[in-house]
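By written order: A, B, C, D and E. Residues from 1 in each chain.
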Amino acid sequence: MNMIYILFSLMFGGAILTFLAHKVSGLLRDILFVLTILASTVLFYTKIHTGDAVDFSISGLPLQWGINAYGRIFSLIVLGLGVMASFYSVSYMKGKERLGYFYFNFLISLISMMGILMSHDLVSFFIFWEMMTWSSYFIVIYNGKHVQRSGINYILFSALGAYAMLMAIVMVYAHTQSLMIQDMMQAFPFFPVAYKVWLPILFLTAFGVKAAMMPLHVWAPDAYSDSPMAYTSVFSGALSKMGIYGMIIVFVTMVNYLPDDTWFRETIAWLGAITAIMGTLWAIAQDDARKLLAWSSVAQLGYIITGVAVGTPLAMLSALFLSVMHALFKGTLFMAVGAIEKQTGTTKFNEVTGLIRKMPWTFISSLLAIIALAGIPPLGGFVGKWMLYESLINSNHYILVIAIFFASTSAFLYCYKFLFGFFLGQEEKEWEQVKEAPALMVLPMLIMATLLLVFGVFPGIVLNPIDLGMQTLGFSTTAGTFWSMSGLFNEWGNQVMLQPLVYAIGGTFLFFLILLTVKGFKETRYVTTKDISSSGEVPLEHENLTFSEGFYQPFLRAVWPVMKRRMMSYYQGFGQGMEAFFDYLRRVYSGNGQTYAIYVLVFVVILLLFKNSLFG
Amino acid sequence: MKEILYYTWGAIVSFVVAFSVGITYMGLNRKITARVQNRYGPPWYQNFIDVIKLSSKKTSIHHGVMQHMGPAFIMVTSVVSLLVIPILNGNKFFPNLNFQGDLIFLLYIMVFGPLGMALGAGQTGNPNSAIGVTRGLSQMAGFEIPWVMALVALMIQYKTTSIVDLMNVQVESGRWLMFSSPFAFLAAVMAMLGMFRYAPFDIVGAPQELASGPMSENGGKYLFVMMSAGSVFAFAKLTLYVDIFMGGADNLIILVVKTFALYLIPMLYGITSPRYRTEQSVRWFWGWPSFFGLLAILQAALF
Amino acid sequence: MVGSPVLFIAVPLLAAFLIPLLGMIWKESIRILPGLVLLYMLVLAVTLLGQVMHTGTIVEIIAGWKPPWGINLVFSPFTGVLATLMIGMGFIIWIYSYRFKNVDFEEAKKYFILFMMLVTGSVGIVLTGDIFNQFVFIEITSISAYALTAFYKHRDSAEASFKYLMIGSLSSMFLLLAIILIYSQLGTLNMADIASKAHLMKPEFKILAVIFFIVGLGIEAEIFPLNGWAPDAYAQAPGPVGAAFAGIVVKAGVYALIRIIFTLFDVSGTHQFLIVIGLTTLIISEMAAIRQERLKRMLAYSSLGQMGLVLVAFGIGTEEGIFAALFLLINHAIGKSLLFLSGSYLVYNSADKYINETNGMGKFLPITSFLFALGALAVVGMPPFSGFWGKFFMMSAAAHANMLLVIALILSVSLIELVYYFRVVNRIYFYKKESHIEPKKPTVNAVIAMVTLGVIILVIGFYPDVISGYLHQASQALLDKGKYIQDVLSTGQLLTH
Amino acid sequence: MNFTLFDLKIIEYSFFITAILVIMIGLYGALVKKSLIKVVIGLSVFDSGINLLLISVGYITSGTAPIFSPALVKDMPLTLENIKKLSAGMVDPVPQALVLTAIVIGFGVTAVALSLVIRLYRHHQTLNIDEIKNLKW
Amino acid sequence: MINDKNSQKIVDIIQNFARQHSIWVLAYGTGCGAIEIPPTMTSRYDAERLGVRGAATPRQADVLLITGYLTTKTLKRVIRVYEQMQDPKYVIGFGSCTINGGMYWDSYNTIKALDRYMPVDVYINGCMPRPESVLSGFAKLQELIQAGKADGAKKYKENLEWYRTNQKKVIPNWHMPEYNW
C-alpha cells in the first residue's frame, strides 16, 4: 500500500479513534490526538517524498494524490503548527465539554488541509476544501450560542467561495475533460477568452474568502476570535494559508496567461493593500485581544495577498515567507491569548492588566511574536516585509508600497496595545493569584517564538524550501539572486546582511542590558505599580489607573472617515433586503386550497397560451 | 579580525561623536530658544551637566524588568541606526555597517526604539505614560507616511535602496538631492518635524498635561540613558538627512555644520509654534507633507 | 427467474388486504407483515436489478394480453433502480415506523394498510408500461397519501390533506384528459406503442397532451405552481410519512413526468421547459424555506427545491445529466428521509414543531442530532457526503451542455439552502435548551433505520461507485427510447408467434 | 337510419359540448364556491364531465355494443380482416372500461374528501374555505 | 580604579558641580506664592541661566519648591511627592507660611512649621518673596550643595520616626507606602 494512503488512513483513523476514545477516557483521547498528529508528521517527513503520487478513480473520474515541493512549503506550516497546537490544546481544552467533537474536527481540518496540499486533481481538492470548511465551521461554533452569527457568516462566505470554485472546476472539466490541476495549467492558455477571465475570478473568490480578502473578509474577525484559541492559531495560521496556496496557483497558472493581466494584478494587489489598511485600522479600534488579533490576521493576509498579486519572484518569495512567519507569530499570539484566557478568564484589555510578572514566559513569547509581527529586525517578520517592500518598489508599485507601509506603521499601534493591555500597566489584586500557564501551553509558544528569531537571522532555512516550491511553479531559482542563508538582495543589487546586523544589534542590546538592567537591579528598588507619581495621590488597591479605554481615540478620530462605512453593514443590508423579498415571495403559498387550485388552472392556461413559444 | 576591530573602533568613535554633538545640539536648542524668548538662557553645555547629574542620582526605583529594558531598547536603536548610517563619505574609519544596511532596514530599526521605550513606559503603570505612548505611536503613524514617500521617491529615482549609493550619486553629479528632488526633501523635512517631537508636535510628552508622558516614572539613570540615546538618535537622524539630501560630508566639521543647519529647521519651527492635538498633527502629516511626498513620487516616476 | 415484476404489485397489495385479517388473529402481525413483505420485495428487487443489468429489460405481461393491448410491467435498468430505491426506502421507513408512536391497534392497522398501498402505487407507477394503468396507480398512491396525510386527528392534518386532495383530484382530471387525447388520436394506451406511433399525432394535439401530462404529473413531482399542497402535507403528515413522500411518492411523480417527456413524445422545448420550471421551483421554494419557523415545513420546502434541482438535471437531457439526476434523486431520497425521520424525533413532543424548539437537543438526543446533521450535510452537498457527488455530476453535466448560467443560479440558491440547514444544526448543538418540551428518546428500531440511512450516506459519499454503475445503465436505458419500444413490443410479438 | 349527416355531427358534438359545459360547471364550483361541500360537489361534477368526455371519444353514432356474440360472429373464421370488419360498427370498448375505473376512483376520492370535510368541520366549526388557513407560507 | 580615593574625589567634584548647576525644580504651587514662579523662570529673571529648570514629575526632580502654606490635606501629597523623589533631593521652603505659618499662624487646618514634617534645606523669607529672593534662594542652595551641606534627605532618613509621628499627628487616615530609601 502506498504511503500516501497510509498517511490518510492514519489521520482519519486517528480522528475517529480520538472521537471514540472520548467516551472511554480523557487521557486516552488526548494521547491519541497528539499521537495522531505526531505520527502523521513523522510519517509525512520520513516516508513521503517530493514527487510521490498515487492514482485512483472514483466513478470514472481519474484522481491523483501526491505532494510536490510547492505543497511542501505549506505542509511545513500545517503540520508544524498542528503539532504545536495539538500539545497546546491538550492543556488548553482541559476540562471543557464535547472534547471528542472538538478534537475530531480539529483532526479533520488538519487532514483536509493536508489533503488540499496533496490533491493533484480538482475534485479531491474541492472535497478537501469543503471538509476543511465544515470542520472549521464546527469548531467556530463550538463556543455556544453567542458565536452563531459568526458561524453563519463564516459558512456562508466559505460556501460562496466554494461554490465559485465548484463552478470554475466544472467549467474547467467541461472544457478540458480532465480534472488534473496539471492539465488545467497546461490547457489554460488555449481557453476561450471568457473562460480566461472568469476562471481566475471564480477561483480567486474561493481563495479570497479563505484568505480574507477585502470585500470577502467580513466573516474573518468574528470567526477567528470566536473559535477556541487552541484552534484559532491553526485557523488563522494555517487554514487561511490555504487561500494563499490556491491564490498563488491561480496567479502563476492563470493570470500570467490573461491577455492583459496588469489590471487584474493591480486590482487584487490593491484589494490586498486595502485589506491590510482596513484590517490594521480595525485592529487598532478593538478592545478585545481576540478581535484585535483576528483583525490583525486579516491585515497580515492583506500583505501576503498583495505580494502574491504583484507576482514578481521576489514578491512571491516574500508572500510565501510571510505566510510561514505569519503562521508562527500569529500562532504564538493566539496561543498567548488562549493562555491568558485560560488563566484569567477574560481577554478584554480593560479587564486584565499587569500580567508581566505573573506570566513572564507568555510575555516573552508574545513580545518576540509582536516584534516579528511589527516587522522589526532582527526577527523573521522583517525579512518578509523587507522583501515585500523591495519587490513592490522594484516592480514600480509606488503608491501601493506607501499603502502597505501605512498599514505596517499603523500596526505598531495595535502591537503596543496588545502588549500593554495584558502584560503592562498596573498590577491588580484581582489578578494576584494568576499563575503562569501550564508548561504544555508555554512550550509551544516559546518554541515558535524562538523559531521566529532563528528564521530572522537565518531566513535561508525557510527560503530554501520556498525556493524549491517556486521552482515547481515555474520560477527560476532565487537562491543567490535574492537571498542567501542570512542575506537578502533586491533586484537592484542592494543587500542586507542579517548576520552582522543581528550581531551588532544583539551585541549592543546585551551590552546596554547588562549595563542598565543587571547593574540597575542591584541599585534600584522595586516598587509596585501602585507607587506612581500621580500628583502625590496614592492609588488605592482597588483603583486601577491603567489607561485602557479609548486607547487610540485621537488616532481613530483622525482616520474615522475611512472607517465609518463598514463592509458588514452593506452585506447586512443586502441580507435584510433579501429576507424581506423572500418573505414577500413566499406569500405565494397563501394557505388557501382554492388559490392553489387556481394556480393549477392558471398554469394550464399559461402553458396553453404560450405553447407555441414553449414547445414550438 | 581586523575588520571587526575597525567596526568596533568606528562604532565607538561615531558613538562618542554623536553623543557629544547631539547633547551639544540639545543645549544649543535650549540656548537658542531662550534667546528667541528674550532670555539669557543656560550655557550651551547645560545638557552635559544635566546628563551628568542624572547619571549621578544616587537612588532610583523600578516597576519591573521592562522599565530597565525600555532604555536599553532605545539605546540599541540609536546605536544601531548610527551604525547603519554612513557618517562620512567613503571614510574607512567610519565604515560602520552601512554597506549591509539599507533604507528600509533603517526605517524599521528606527521604530524599534520607540516601541521598546513604550514597553518600558507601560511597565511603570503610570497612566500618563501610556497616554503619551499612544499619542507618540499615533503621531508616528502620521509622519512615517511623508517620510516613506520621500524615501521611496529617492529609491525609485536612483534605483537603489542603499544610502551609500545615494551619497555616491550626489558626489558624482555634484548636485544635492535636496535640489534635484525638492519635493522629496520637502516631505522629508516636514516629516522630520514630527520625528523630533518639538512643538507643534510635542503633545507626546506635554509636561504640564501628561507629566512628560512616557518618561513620567523615569528619573535618574533611566532619564540619563534616554537623554543620551535621544541625542545620539537625533544626530543619527540628522546625519541620515545630510547623507541622502545634502550630499553627505567629507569630514566631521562639515557634517556638524550641515547637521546643525538642518537641525535649525525643527528647532526654529518648534520655538515659534503652539501645540497640535494628536489627530490634528496626524491629519497635518497626511495633508501637505504627504502631498509633497506624492509629488516627489510622481516626479521620480515620470522624469 | 427468481420472481417476476408483477410480484412487486401483487404481494404488497395482497399484504394490504391481509393485514386486517391477520390482525384479528395476532395483533403484532400487522406490524410485522409489511416488513416481511417489503424485505421480500427488496431482496427480489435487488436480485432482479442485478439480473437486469446483465440480461437487459424484463417485460412482464399481465393476464396474457400482449402489448400493445394488455397491461405490461417493464423492469428496465431505469425503472428497476427507481423501484429498488422506493422499496428500499419503504423498508427503512417500515423499520422506523415499527413503533413510531404508541398508537393503538386500529390506527396502526390503518397506517400499515395505507403505507402498503402507498408503496404499491408508487412501485406500480414506476413499473407499469401502460399509461392508464399508471393513472390508476397514481390515484392509488394519491388516495393513500391523502389518508396518510390526515393520519393525526389532533393536528391541522385534515386541512393539509384536503388541499392535497383538491389539487390532486383536479390534476388527475387533467391526466385523464391527456389520456383521452392520446387514446382518441392513437387508439392505444401502451407507452411503448404510443412512443412508436407518436409521430402520427397532430403536433397540436401532441403539445396539448404534453401540457396536460405536465400539469397532471407535476402535482406529484411538486413543480412550482402546482406544489401548494406539498409543504402543508409534509408538515402535517407523521414523520415517516413525510419521509415516504420525499423518498417514494415524489420519485414516482418525477419518474412519470420524465417518462412522458423522454419516451412518449418528441416535443421540442420540453427539456428547456424542465430546466426553467425546475429552476423556478428550486429558487422559490428555497426562498420560502429560509424564512420558515417550523422544522418540518422547512424540510418540506427544501424537498420541493431539491426536486426542482432533479428536474433541472433531467432537463439537461444528456446521459451525464440523467445520471446526475438519478444520483440527486437517490441522495434526496436518502438524505431528506433521514432529515424527516430524525427531525420528527427532534420535535417529537412539540405541537407546533418550531425550529427553535430543537435548541440544545444535541445533548439529549446525541444520535438523532448527529444523524440530522449528517443528513443536512448530505442534502446541502458538502463533501465527502453523498449529496456532493450528485451536485458535482450535475454541475459538470450542465457545464458540458454549456449552461453556465444555470450552474450559477443553482449555486447561489445552494447558498440559501446552506444557511437554513446550518442554522438548524447550530441550534441543535449549540443553543441552550429553552423550551419545556421533553425530548423523546428514539426507539431502537428508529435508531436502526436512521443509522442505516446515515451509513448509506457515508458509503455513497466516500465511494460513489457503489451505485454509479447501476445509474449509468439506468440513464442509458432512459435515453435509449428505441430499445425500450423494441423491448416492450417485441415481447408481444414474441408471444404472439 | 333516417338521420342526416348534419344531425349525426350535432349528436356527436353535443357530447363534447355537454361534457365541456359540465367540466366548466364543476370547475366553477370547485374554484369559486366557499363552502367545502360545494367544492367537493364541484370536484365531483368536474369528474363526471371528464368521464363524459372520455366515453364520448369511443362513441360511434348508432354503433353496436362491443360484444362478439355468436349471433354476430355466425360462422365467420376468426381472421384479422373479419374481426376488423365486425368491429367497425362497434363502439370502442376501451374508453368504457377506462371510465368505469375512473368512476370508481372518483367515488373513492369523493368519499375521502367528504370524510375530510367532516373532520375539518369538527376542527374548525366552519365550512368556509377561507377560514381554514392555519397552514400557510 | 574607581574605588581609588583620589579619583573618587574627582568624581565627587564633578558630580557636585553637576548637581549644583542642574537644578530641576518640582514646584508645588497651590499657595499664593506660586505666582512668583513664572517671573522667576521667564525672561525678566530667567532662572534657567543658573541651570534651574522645571521638572514634570517627582521622579525627575531634584528640588521640591513649596510655595506657601500647606494645609493638612496638601501636606500628605507633598510628603508623598517628596518621598517619591530620588536622592539627592532638596526642599526649598518658600515664603513665611512655610517658616512659621505666616498669616495662617492660627488657622485650624494649615501647618505652621514645615520643618517639623519634612527637612527643609533653604527657606526663602518674605510674604511673598520677590523673584530676586527666589533666585538668591537657589544660589544659597547651590552653595550648600557645593559645600556638601544640603543633606536634608539624609536627615529625613535618620529621623524618619520623628517626622512620621509629626506627620501622623496632623494627617488623618494615614495610608501610605512605607518609605525605605
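Details
The definition used in the following text is that a contact is a pair of C-beta atoms (placed from the backbone, for glycine too) under 8 Å apart; a residue touches a chain by one contact, two chains touch by 3 or more.
Given the structure is predicted, the values throughout are model-derived calculations rather than measurements.
Dropping subunit A from the picture separates the other chains, by touching, into B, E | C, D. Contact with subunit D and subunit E alike is made by A. Graph distance from subunit A to subunit B, where chains that touch are one step apart, equals 1.
For subunit C, the chain whose average C-alpha position is most distant is E. Note: the chain lying farthest from subunit D is E, by mean C-alpha position. Of all chain pairs, the one joined by the greatest number of contacting C-beta pairs is A-B. Note: centroid distance subunit B to subunit E, computed from Cα atoms, is 35 Å. One simple way to say how far apart two chains are is to compare their mean CA positions; for subunit A and subunit C this gives 44 Å.
Subunit C and subunit E have centres, each the mean of its CA atoms, that are 97 Å apart. For this pair, subunit A with subunit D, the centres built from the Cα atoms lie 71 Å apart. Under the contact definition stated at the top, the residues of subunit D that touch 2 or more other chains are 30, 39, 132, 134-135, 137. Shared interface positions of subunit E, defined as residues touching 2 or more other chains, are 57-59, 181. Taken residue by residue, subunit B touches two or more other chains at 59-61, 211, 216-217, whereas all remaining positions touch fewer. All chain pairs that count as touching, in label order, are A-B, A-C, A-D, A-E, B-E, C-D.
Residue ranges on subunit A touching subunit B, taken from their complex, read 354, 356-357, 367, 371, 374-377, 382, 385-386, 389-390, 393, 396, 398-399, 401-402, 405-406, 409-410, 412-413, 415-416, 419-420, 423-427, 490, 492, 494-497, 500-501, 504-505, 508-509, 512-513, 515-517, 520-521, 523-534, 545-547, 551-552, 554-555, 557-559. Contact residues of subunit A toward subunit D in the complex are 586-587, 589-594, 597-598, 601. Across the complex, subunit C is touched by residues 58-60, 123, 126-128, 130-131, 133-134, 137, 141-145, 147-148, 151-152, 155-156, 159-160, 163-164, 166-167, 169-171, 173-175, 579, 581-583, 585-586, 588-591, 593-597, 599-604, 607-608, 611-612, 614-616 of subunit A. Looking at the complex, you find that subunit A touches subunit E at residues 525, 527-528, 530-531, 533, 535-538, 540.
Those residues of subunit B lying in contact with subunit E across their complex are 30, 34, 37-43, 46, 49-50, 52-53, 56-61, 207-208, 210-212, 215-220, 223.
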